[in-house]
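Sharing a structure below in structure tokens format, with a few things to ask.
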Amino acid sequence: MNKLCSLKEAVAEFVKDDDLVYAAGFTHLIPFAAGHEIIRQKRRNLTLARATPDLIYDQMIAAGCAKKVIFSYLGNPGVGSLRIVRAAIESGELEWEEYSHYSMITRLTAGASGLPFMPMNLTAAPDLEKVNPNFKRVVDPFTGNEVMVVPPLNPDIAIVHVQRADAEGNAQIWGILGEQKEAAFAAKKVILTAEEIVDEAVIRSDPNRTLIPSLIVDAVCRVPYCAHPSYTQGYYDRDNDFYLQWDEISKSKEDVEKWLQEFVFDVQDHADYWQKLGDATHQRLKIKDKFSTPINYGEF
Amino acid sequence: MNKLCSLKEAVAEFVKDDDLVYAAGFTHLIPFAAGHEIIRQKRRNLTLARATPDLIYDQMIAAGCAKKVIFSYLGNPGVGSLRIVRAAIESGELEWEEYSHYSMITRLTAGASGLPFMPMNLTAAPDLEKVNPNFKRVVDPFTGNEVMVVPPLNPDIAIVHVQRADAEGNAQIWGILGEQKEAAFAAKKVILTAEEIVDEAVIRSDPNRTLIPSLIVDAVCRVPYCAHPSYTQGYYDRDNDFYLQWDEISKSKEDVEKWLQEFVFDVQDHADYWQKLGDATHQRLKIKDKFSTPINYGEF
Amino acid sequence: MMNAKSFSKNELMIVNAARLLQDGDLVFVGVGAPNLACNLARRTHAPNLTMVYEAGVIGAQPARLPLSIGDPTLVSGASAVCSMYEIFSLYLQRGNVDVGFLGGAQIDRFCNINATVIGDYYHPKVRLPGSGGSMEIAAWANRCYIMTPHDKRRFPEKVDFCTSAGFLSGRAEREKSGVRGTGPQAVVTDLAIMVPDENGELQVTALHPGVELEEVRNNTGWEIKVALTITRTAEPTPEELRILHEELDPTGIYLN
Amino acid sequence: MMNAKSFSKNELMIVNAARLLQDGDLVFVGVGAPNLACNLARRTHAPNLTMVYEAGVIGAQPARLPLSIGDPTLVSGASAVCSMYEIFSLYLQRGNVDVGFLGGAQIDRFCNINATVIGDYYHPKVRLPGSGGSMEIAAWANRCYIMTPHDKRRFPEKVDFCTSAGFLSGRAEREKSGVRGTGPQAVVTDLAIMVPDENGELQVTALHPGVELEEVRNNTGWEIKVALTITRTAEPTPEELRILHEELDPTGIYLN
């Protein structure tokens, strides 16, 4: 089934107020375009889950979309603090639920696998377990030792950006894989954004590369440069300058509002946003090609 | 570290009497050459674990290498019964321990992950649990429901065949992946056999394709056609004729002994075995090329 | 029109299994007869059927007849390949599989399946292959179909070993167990179609062309129930037979 | 010969951390100072060091200075890339990681680390980034090193929140917990090196060139123990400084 639609249509149909949203990606492939579209469509009371909230959740929280954040590392990667989420937690305006990276993705993996919990070894660190009731212990029936377990995380909607997908939603990803696959399988609905929509034959030429199969995908949106200021391996570089800039912008509520107005509300869509960034930025983020050695599947 | 050696040396150094051996591969990439070398070196009292024992364990058990088999499906794939293992179980000569596919690979996954157990949902099928004490139940602390758990499987030695590896043992696999990765990470030692030893640069041109990293590999052996009569995706086809032939050969103890003498004991190594199969077989198993669409990692 | 002699019992089984599949189904396929049934359905009424193999292949488009569950023709041109652990966890356990095909040496009154052992487990009379994927397929696929030739030996009143759960001692027991799948929907044999009743007990609902009820009764190991209205399955169409013989199994490996 | 002014405190910290790494180590690396230390070690005494990043990159050979833990330069030319779940399970939890680098807002007397919160958890005075990978790295890497600038605020007697386990209340408590890693081996600051004693309590074992013990005492939040014999770390060599400034961080992002 062809699931191609615009990101605007996908967000309108599949992201609802009060949803638990997982916009996936560990530094790489962060679906900023979808975050901005959610801001434009003024979703409210979302619970935003991500191992690393990154700037995308800082922006969504600044825009008033969320009531709660679920995370395992709250930072502006490579820069420092994530000022808006941090301030909202410190002031008590935002609910939060906190994990380590491993317990966070263990929850997603349990959700993706249809399991009621997944185990992890004890870490001897006592305090996170005390403040988050989702850490429980069970006794290993084979050794009698205690093991930590966490429950599944099943987002209402996962948003996953990929390098290439076909119109049905078979998607291929390379570079840092983060928790993309787990988030997609764990979620009830999946919006896929892709740098390129390719013919089914391209996907089928390398089935081992397909991380997300069409059967779990609800919408497929062609969104070039979707990840900016994050990056897409093989397509464009990370805009580190913007990560530094945001550290400045996010010091002032006014500057944040101005930025949201200019780069989110006053643009129609991500293509418009990308144009607005201008040629100097486009040139700066360009990369040179470096191709993989192809492999032979054989005609069978 | 360069770990290249002959399969003869690898088996001599890393496969000991009484070991628990996991020769990995689900129909695809079954390391027959390693099984034959173990037969030639007359290992005894091995415990042979594999989801699908396939002909390789039939042959090793016929040769007297094993005291026990651990499996989840005992058949000659696509043909029918695995006569030798079956007869040895029926006669009480061979110990066995039995799983479903999922519980078998869940054990390997627990072993690969350093976990004391892994959960799986209940299946309502009552009888396997009664005859195998490695199925236990724990109560899910989140719902109060029962969940099945199985303990880790950590083989003494895993033997994994791959399409290409570098001299340090970074290995890339495509086609059916079976439980190759899990077996390698779960095992205490790993012997890698590869169709091709390639330059490190080939591996590094496509790091997402690397399933097994050098750090867990102990020996790297270049063994073209290692998997015959099984196959290697992109290199040569499955010898279905031999799978049918074995169904006949394995009806008679004499024929089995004759076959072992001729194709295992009387050949020096796998290159010799492959030559012995003859040109008609070589031609029959040849395949045409079909390459993947290369991907761009980008110069970063 | 073809006459009654122009198709075999085996073809009746395959064609009728194919007809039970729905367009859009994601099916966990085995080799042999189930593979033929799925490929036949995909080339007739269910073009959007997705075939998944326990070896970890999704959306296979086999160019030749696969001779094993891990045949390389399943991989070349497939839409995705994943590990065995993933196919059972992310697909089957997660609830992404619509249909599972099952077979076994014994099927009993309540659709329980034995693929493990005839006789005592520890002192087997006949040691069978064992579960493979079937224990979990029977539990977690949304619905299951069983294909097997019809004879008394294969249909005992109670299986020697319950490898895969049908309805256990009745539908209530399966429901109490909390497994996600709805269990067997039908048993398709070379004589008839049997469907579990409200209690999970098999009853004959349809007979293949040329088969009399007596033959089914004689080949079932208990007094098989019969539905109030019993239908007769349609003959295989010439197109169905052509696809089977010309496209899917031209050398007659599974059909002959 | 270079004079004492020709290197910074920060360089002393990085160079001394690099020297603690052994050839052949598999190191779980963070960006910034740990990344510089590992790359420096790899270009000097530990050419067979393998760098692993929590983003799932193994055997990275970054061609430029990575500016985030998920920088694309870590991927291009790496020997393997896996998912985040796999890097934490197959690598870290399984025991395949030799060395982990840790940092944090607070390190206490027994090497426990706080990266979560200053003040009360529910009413934070300062909300910090949280664990990320450090809770598991501290527990499961074979050995750990901590790098952090030396000041009183960063070295309280007891952390406000124990994000990652050092030796808890002492080595016995960590051992009782059964975690696999041996815990922190050393804390390298810009003033000194501190090593846990037999009870897991930090003691100063070495001072960097030009640093007096008094300065360390004044910048530590409890009465820090001092080893019986205290050594002085060797000055950074011109080659070490050249590699840092010319090859690794030419624009001085982390060094200045």
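When the chains are written out, they are named A, B, C and D in that same order, and each has its own residue count from 1.
Rule of thumb we're sticking to: a contact is a pair of C-beta atoms (placed from the backbone, for glycine too) under 8 Å apart; a residue touches a chain by one contact, two chains touch by 3 or more.
Everything numeric in this text was worked out from a predicted model, so none of it was measured.
Of all the chains, the one whose CA centre sits at the greatest distance from that of subunit D is C. Contact count check for B-D and B-C (C-beta pairs in contact): higher for B-C. Chain centres here are Cα averages; for subunit A and subunit B they lie 37 Å apart. Centre-to-centre separation of subunit A and subunit C, using mean CA positions: 40 Å. The distance from the centre of subunit B to the centre of subunit C, with each centre set as the mean of the Cα atoms, comes to 28 Å. Among all residues of subunit C, those that touch two or more other chains are 57, 71-72, 75-76, 81, 89, 93, 140, 180. For subunit A, the set of residues touching two or more other chains reads 114-115, 120-121, 145, 174-175, 177, 181, 208, 233, 237, 287, 290, 297-300.
Contacts between chains form some other arrangement here, matching none of path, ring, star or all-to-all. Inter-chain contacts, as defined above, occur between A-B, A-C, A-D, B-C, B-D.
Those residues of subunit D whose C-beta lies close enough to touch subunit A in the complex are 31, 54-57, 67-72, 74-76, 81-85, 88-89, 92-93, 116, 121-136, 138-140, 161-165, 168, 174, 177-180. Interface residues of subunit A, counted against subunit B in their complex, comprise 114-121, 136-143, 145, 147, 149, 151, 163, 172, 174-175, 177, 202, 205-206, 208-209, 233-235, 237, 287-300.
On subunit B, the positions that touch subunit D within their shared complex are 1, 112-115, 170, 181, 185, 200, 203-204, 207-208, 210, 213-216, 297-300. Subunit A meets subunit D in the complex at residues 26-28, 51-52, 71-75, 77-78, 81-82, 86, 89-90, 92, 98-103, 105-106, 108-109, 120-128, 131, 145, 174-182, 231, 233, 237-238, 240, 243, 287, 290. In the complex of the two chains, the subunit D residues touching subunit B come out as 26, 48, 50, 57-59, 61, 63-64, 71-73, 75-81, 89-90, 93-96, 140, 180.
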